[in-house]
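Please find one structure pasted underneath; my questions will follow.
As written, the chains take the letters A, B, C and D, and residue 1 is the first residue of each chain.
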Amino acid sequence: MNADLVFDLVLGAGLLWSAAGALLGRDRYGAVILFIVFGLLMTLAWVRLAAPDIALAEAAIGAGLTGALLLDALGGDSAGTAQRGASRWLLLPLAGAIAILLAGALRGLPAPSGELREAVSAALAHSGVSHPVTAVLLNFRGYDTLLEVSVLLAALLGVLGAARDARPARLSAAPLLQAATRVLVPFMLLTAGYLLWAGAHRPGGAFQAAAVLAAGAVLLALVGMLGGWTRPALRTRLAIAAGPAVFLLVAAPSFERTLLLQLPPQHAGRLILLIEAALTLSLGFILAGLFLALLRGDTAGDGQA
Amino acid sequence: MSSGLFYAILGCALFALGLAATLLLREALRRVLAFNVMGSGGFLVFVGLAQRDGVVDPVPQAMVLTGIVVAVAATALALALLRRLEQTDAHEP
Amino acid sequence: MSELAAAVALFLLLNLAAALVVVARGPGAADRMLAALLFGTTGVAMLMLSALALAQPPIVDVALVLALLAAIAGIAFVRRSWRTPERTDA
Amino acid sequence: MLDVASATLMLLGAGFFLAGTVGLLRFPDIYSRLHALTKADNLGVGCIAVALALQADGLAAGLKLLLVWPLVLLASATVSYAIAERARALGVPLDGGAPDDAP
């Protein structure tokens, strides 16, 4: 029984336990904190699956955005209220049954053909980048990425709409936390730039860079150095629009060609960097906005620490 | 058993847990968490199955990468609607 | 050397399993948050070790990002959701 | 020689992590548990970062590993301060059980 297998088994058990605890645990503090732990364990799982790109995104979004969103939501109402209902005890058997059915369905599958894999490695040379995941995201399946950015945009509009009549919030200043933030945020900007640049030839890229940028904004907001959004300023909206706009401008010439968003091989490298830079800006603002639009004002008892 | 297949099966279990919780739990916040667990399980199945022969496959990895970002956006939207719900409930007599 | 790194990473994972008990049981919300912080620091160490054990240098970037953002969840907990002085006994 | 050094540091780091977890499980109140975690674990991360930096191929990779340590230190120092401060403000009692006077 080698160390790798033991590692996977323990990690799997931890994932199941933290997920079950987050969903079935009594009070909501425990639920949200266990869910944050679940995110950290997922990061490890992606590392085990040799998917460092996903691990980067999971780490940045889980640690920087999801946790803050959920903890902020906890503060809103009576946190710690026990969850009642006999349905909790119905739940595990039902989940077990579904899991057995699904896992059973996996057994009949033929071996993976790997056609896509081969297609990617065959076309990688003409993609303009040497990192396959980036090539898939920005070149081979660029239209998916473009539409995905529009989905994020729609989500942000929805959040802004739902939080419309909330008053503009700015948390009370926390001097010592601000001092630490002044050190951390420049490193976040640096890391975001590094990830953006790295995407061309190794794990990294616009999504991870944007997630780190958004995490920086979340931190600034949490220590009272950045106010929440009610109506984004014009500059903000332009920055949000930059990514899709550049993407479409680059796509426009490709419409006469056969494939949508097929980049000309000779310029692909530069075009991808251009698109990724614009996407990082937009996605950073969008992801940050998801938190900033939901930011509530201080309520009684806040402001310490 | 390849670790790809292992994580695919693990993903099935997580997906099932999240699905059952989404259906059965009453608390809205738990449902949001359950929805996320469901998503993570689906992602694991997607990548794990594609790599069950132990070879890295960039295509599902790219899809899941964008999926994670969409999932957090959906979570934020759900939380926004949740708060809206609390406000309207509070205002009703 | 990579075998040792893998072994130490496994040891840290088992270490976390013990801490998971604290996250699940409490006693108080702050103790749970502490355990979550433990997961953060230990996770950083495990990622660095995995980079050597699995011979995947990019994993170090994941550790770097995690270390960079480690403070955010704790600060969000303190400033946004921890309101009630819950019992630390129980 | 280098391998011996990093092996020793790795094992040392693992020991520190173990100590931190034991502290988390055994110490009486939130304040002492904070001490246990933030000190032991950061030493653990430091030892392991140095151990791996010794193994790193190339200066940049090594420096990146060494950069991780101060970041973790800063994060946990900040958060442990914030949690302790908040716990005191909320009047979470010390081990003696006597509730600390909230300011």
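Keep in mind that, in the parts below, contacts are C-beta pairs under 8 Å (C-beta built on N, C-alpha and C of every residue); 3 or more make two chains touch, one makes a residue touch a chain.
Predicted, not measured: the structure shown is a model, and the values here were computed from it.
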Greatest number of touching C-beta pairs links chains A-B
What chain lies farthest away from chain B once each centre is taken as the mean of the Cα atoms?
-> D
Cα-centroid distance, chain A relative to chain B, in whole angstrom = 12
When centres are defined as mean Cα positions, the distance from chain B to chain C in whole Å is 21
Between chain A and chain D, tell me the centre distance in angstrom, where each centre is the average of that chain's C-alpha atoms.
-> 27
Taking each chain's centre as its mean C-alpha position, how far apart are chain B and chain D in Å?
-> 31
Where chain A touches two or more other chains simultaneously, the residues are 4, 32, 50, 74, 174, 177, 180, 184, 187, 305
For chain C, residue numbers touching 2 or more other chains are 33, 35, 40, 61, 64, 68, 70-71, 75, 77-79, 83-84
Multi-partner residues of chain D (each touching 2 or more other chains) = 71, 74-75, 78, 82-83, 85-86
Sort out which chains touch which and give me every pair.
-> A-B, A-C, A-D, C-D
Chain A residues within the chain D interface of the complex | 174, 176-177, 180, 183-184, 187, 304-305
Listed in rising order, chain D residues that touch chain C in their complex are 3, 6-7, 10-11, 13-14, 17-18, 20-21, 24-25, 29-30, 33-34, 37, 41-42, 44-45, 48-49, 52, 55, 61, 64-65, 67-68, 71-72, 74-76, 78-80, 82-83, 85-87, 90-93
Which of the residues in chain B come into contact with chain A in the complex?
-> 3-10, 12-21, 23-27, 29-30, 32-34, 36-37, 40, 43-45, 47-53, 55-59, 61-66, 68-70, 72-77, 79-84, 86
Given the complex, residues on chain A that touch chain C span 3-4, 6-7, 10-11, 13-14, 17-18, 21, 25, 27, 29-30, 32-34, 36-37, 40-41, 43-44, 47, 50, 52, 55-56, 59-60, 63-64, 67-68, 71-72, 74-75, 79-80, 171, 174, 177, 180, 184, 187-188, 191, 194-195, 198, 202-204, 208, 212, 215, 218-219, 222-223, 301-302, 305
Interfacial residue positions of chain C with respect to chain D in the complex | 1, 4-5, 8, 11-12, 15, 18-19, 21-22, 28, 30-31, 33-35, 37-38, 40-42, 44-45, 48-49, 51-52, 57, 60-61, 63-64, 67-68, 70-71, 74-75, 77-79, 82-85, 88
